[in-house]
């Protein structure tokens, strides 16, 4: 270390729950390494965090690093200078152990400017143990047909609403993207990631909307705009049987005092029976600062974020899986769900079935994402809209938002 | 027939007794004026008669019917308020017909009544206007119109002219008087203005502290005020009152002001038999300013020559139509109304003629009129 | 020395000319009363003198110094407002000393001045009170005190008594008058009340539509009104005015009311030389109500017996101190003030005495006084 | 008249700062609405493209329709509620002070809290519906919050709850300043309480009513925090409102130019309300000056 | 002078006896309304005393079975926002540090400006006044970015001072409007008398106008205080971490989507955070209505 004490100013949206706990733990590590940890969690929604980031960038005072993800990294990197991390990434030999799709997002102009911190799949299927018992089912569903059958079974077993999802915008998006990717990851990639016009109007997307409708009908309509977390108790108690959610729900469940053996996590339904991975990765982008202590802090932070031990610690708190594919998940502290997620990622990458999540802003920039989610959430909430109509609306939305 | 008869009426607000046992009988066709200082309970009395307030005690009869429990609209009265209380959002026409509308009078009849009243008060051209577009005098007329369409047993007026300027007040005063003569209505009229009271009333009720001090025709009230309060309240400038001594003299009783002083004033009295028992005692003497005039004045209708006194002049106020002089009678201050041309010099001594026929004597204890 | 001298003063608000070339010279020690109907520009004039408003044109000199551009506080004036404008949050003491405080007068001197004024106005017991705890008359006194401590060249009073009730107004009027006599201040006093104007003023300025109609001592204004407006504005009831014809007769000019009618009234005039050129022409005759009296009245100071006319009585209004009679002279309505005891019957014909010495004649075209 | 420096500073500096920030911010927004700005403001010129895009978007159309419905319903009902409460409180009833405080206290609460609390109460799963179900009336249904046709009414309810106290206060003041003689005159004329209010008292409240309407309308047009906390535009996008759309476009979707265009449209709606009001005040002022 | 309209009696001089049944109806309606208005507060208060499990098992509406006073302790100084587990206590302090100065400044400056506009007419005053009051209607979202740029240029970004400045300037719209409407009813003769006495602009304001202003100052203080206290958008955007106002902490608590809801603590925090403004309305409400009357209806 040089003469200066490394210092890091960071803004993120993680303020509470397991996310808050994880970032706090990261901060502790940073301080253990002799740094000064100045983290400003922004309460509220992502928008508030971005407002703050924008305000600071406009003011010429960006944080040393800030939470940002997906294509937004590329968009934002154009409005303010970022730090070139290539050297430190190379030194850590990090590139080899990161999924290539993911790596691409973090080096938009060919240089590393941001580092992913953890990975989730947004389409993991959570099965309530008690719910399964109630429905006398023992096998997790693999295809959407299996899923639908199981849901019906649960319903006849007395569960009014077999699916425990919530009603927020990303939640509605997840219902749709899980359906779509499970039906055809190829069509998903073409339509939602590449915005291919033909794929956007193809039969797969229509089938995805139809499947989404089924899921929506099995959800508690009373949840309104509340998050899925409202339903967790009913889910664990077996009043609801299934939940399509990212791995972060494990952290929430843990935080709420539920046990790992209350539920099972499996990859979301995939009609070709090979796991589909809807990639969602949180990341930090590093903004150029002149101050020596901040620069030192940025290097220290980068090293920490890439450190397998730190990634292990972090993922174990939040329920995600490490970005590094070379972390061993067989040890204590990892759940079956995490192991299965990691395995799914490996398989999906192998079969080219790892795609970027739309609902969590990994597939498109915010403006486009929001326009698409508008259509999806309206569809979810309004069962009078037919799938074909939804398809054409989605295509229109893409057209006008581009 | 008594149009209104009030018996032992009292009104109490919390611990404040505003009216204390009022008795009044008002004949049909009378124009009764209620005067008294501010806060003496005039409006309260009117409101109770109208049914807008409840009496604490006593009975009110209108047209021979006890109305204590009758709501205002069924009392067969009409009221004109000091603020006129015109409905601001209605036209003059609606203001006048609103009461008939409430009582369900037929449209045609309403129109007829309206036309009559509008003609009487000469407000035909104003019928379509809103109150805010009227001058003070016009508003007053509309307020009258609203009362007149009703043709009630009893009109109640609460200082209806006090918001008008002096000129207009005089005109409206005459108009109301003519109106009363023409339609022969029974009216109770509250005012602060003594000229109004004196000129309009057939009878005046002078109130003070919730009690009717005197209820009589204007001349009686002016000439024979029942007590010192009435004497000092009516008239402007008010009656001069001063302590004096009643003595017996050869020709009859003599009232002495400033007895024993070098400038004592001795006034012989004629026809003051009632005062006989006060001979040798202190009394309060009252003499109106117009009964003290310049030395060469001949009082109209006087039998003999006036009593002439010389007195020091303190202040002279020529008002144009007359000159008000502040002088001292036997050391007591008094005001005189003398001819406008005459301007005594302040500080000098001048002679004044006194009209001793109209002197009043009051008991200094009870403050009541002796004679 | 002229305390105040105003030259060609005019004031315009947007397109409204409120003051039109006012010229006034007020001597030191004078008590000038400004009268005129509402809206004639009295307050505007006062405000311009005080420096609270700017003149559109003309100059104002106070104590020989042109003050057009001098701020109010440096004009050496004091002002009493109609609403008194006492500072509600300050005690009486603070209200009075605030001006001195602003001018940085030493504490001890403030106390002395305060004590003087408080004694003069007898408000010592009130010094610690807030204005809201004072009666109307007391407030008025404090407002006076605030002006008096200043000892200025010029006092400005804008209707200072109009918020008081009648009794109090009379008292305060006398007090102000005494005060003026005692301290000999120069005062400009605005009022609506003619009695105030007549009794207090050394000179009266009658204003109408932004023009001074007449500026003279009260007797002149009352006796010789410069024009019909002044004649009708001053006096209550106002001067009777009626069209008449001036004719030449053996003894001199005769003014004829209702010429040619059976009940025509012929009044011989003496000493109206100025009217000679009007003989044979129409004039407007003005006669004050107090110059028409009961038939047996002897007018004080009259040389010969009065002119007696008989006239029909229309309305009788006894006010107590006198009786106002509405009669017809040669068909023209007129008011008379007769003795209080005498009550002619309305409708009947009675004889009246006329004081023809005080008749005014006006040009019917220009409305100016002829004689 | 204002000649001296400290006076000048004290009066003009705050007033000018305030006026200047309003004018310059508005101009800035108008300028941005014609630029291709996305994440941050940039120079450029795209003509009316941002406006056409906003006007063509479903979000804006829904928001605009909602604004008409919400604005009308909210203003109307809060007016009626406020007036009714004021009339009731005007009946010399006991405990008036306490009641007044009760009707006013929602003004003290932040919209965020209001939205959150009402979202609990109105949520059928945990709120009133659940309570009634637990009490045994199982067929009871009160699920407006999650019913896309009725959800806008939940915003109306919460907004009325929050701000009808303001209308009540103003109306009450208006009622209290009605000349009692007028009411007495009506009594003598034989008008009952309802007729008295309807024909005599209420017509005098016009100026207050207009003030209340304008204040509430501006609240309706700029309603933001409340909606965000209560429904966040949902279910779906059923309860979008212009203020939400502006915020969303500017800050969530990183389409500053379009957001600015939407903001300018919002300003135009506001002006459409305010200009007639200003004209009315002007005419009234002139008339008062002439009376 | 504006008179206190709300104080004494008023209303229709109804005759007491003949209206007995309808009076019962009046009380009934008023009571129902009062219950409806109180309901949300009652629910929050009750929930602040219930454990989370209890709420989850029944509904949001219910009587606490065990008084969970702990919620308050947790809300006040226990729950965690990111790495700091200090409850909302420090944020309350921040809110006070922003709200109190901004309220004082905007009220005082607004009073002076309102006084100048209403009692010392000067050229263009109506225009300035009109523009300033239009500010009441300018949507907040529109001002966020311009403020960012302004604060950057004057170097006040990320400071409480910057927020105080924003709230002071924006608050002027309201304070000037209300003060002006109030002062317009003050007799001009008072000013004239004082000018003749030799008092200048400030002395008149300080000695004569200000002592008369308490009704309207109470209104503006209450209004400004509650609005600034409850403000959220600027607070979050322009402050950082431990400097954020209490509304930010509340949002952190309630918008934690990735957590099981803690209704109990949340309710307790809501109550604590709303306490200052609630108390202000409780004690100042009566003056608020009175002053509002004097200042609004013109």
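First chain written, first letter: the chains are A, B, C, D and E, and each begins at residue 1.
The working rule: a residue touches a chain if its C-beta (ideal position, glycine included) is under 8 Å from a C-beta of that chain, and two chains touch if they have at least 3 such contacts.
Note that the structure is a prediction, hence the values are computed from the model and not measured.
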Comparing A-E with D-E, the busier interface by C-beta pairs is D-E
Taking each chain's centre as the mean of its CA atoms, which one is farthest from the centre of chain B? A
Return the distance between the CA-based centres of chain A and chain D, expressed in whole Å. 38
Need the CA-centroid distance for the pair chain A / chain B, whole Å please. 94
Expected list for chain E, residues touching two or more other chains, is 13, 144-145, 251
So which stretches of chain B touch two or more other chains? 52, 71
Taking each residue of chain D in turn, which ones touch at least two of the other chains? 123, 126, 184, 187, 247, 251
Residues of chain E defined as touching chain C within the complex: 1, 187, 189-190, 192-199, 203, 207-208, 211-212
Of chain E, residues touching chain D in the complex: 5-6, 9-14, 19, 22-23, 26-27, 29-30, 33-34, 36-41, 43-44, 55, 58-62, 109-110, 112-113, 116-117, 120-122, 128-129, 131-132, 134-146, 150, 169-170, 172-173, 176, 200-202, 226, 229-233, 247, 250-251, 254, 263, 266, 270, 273-274, 277-278, 280-282, 285-286, 288-289, 292-293, 296-297
Once bound in the complex, which stretches of chain D touch chain B? 179, 181-182, 184-192, 195, 199-200, 203-204, 206, 291
Inside the complex, what are the residues of chain C that reach chain E? 47, 50-52, 71-73, 77-79, 81-83, 85, 87-90, 98-99, 102-103, 146
Could you list, by residue number, the parts of chain A that touch chain D in their complex? 46-47, 50-51, 54, 57-58, 75-76, 78-79, 167, 169, 220-226, 230, 365-367, 370-371, 374, 377-382, 393, 397, 400-401
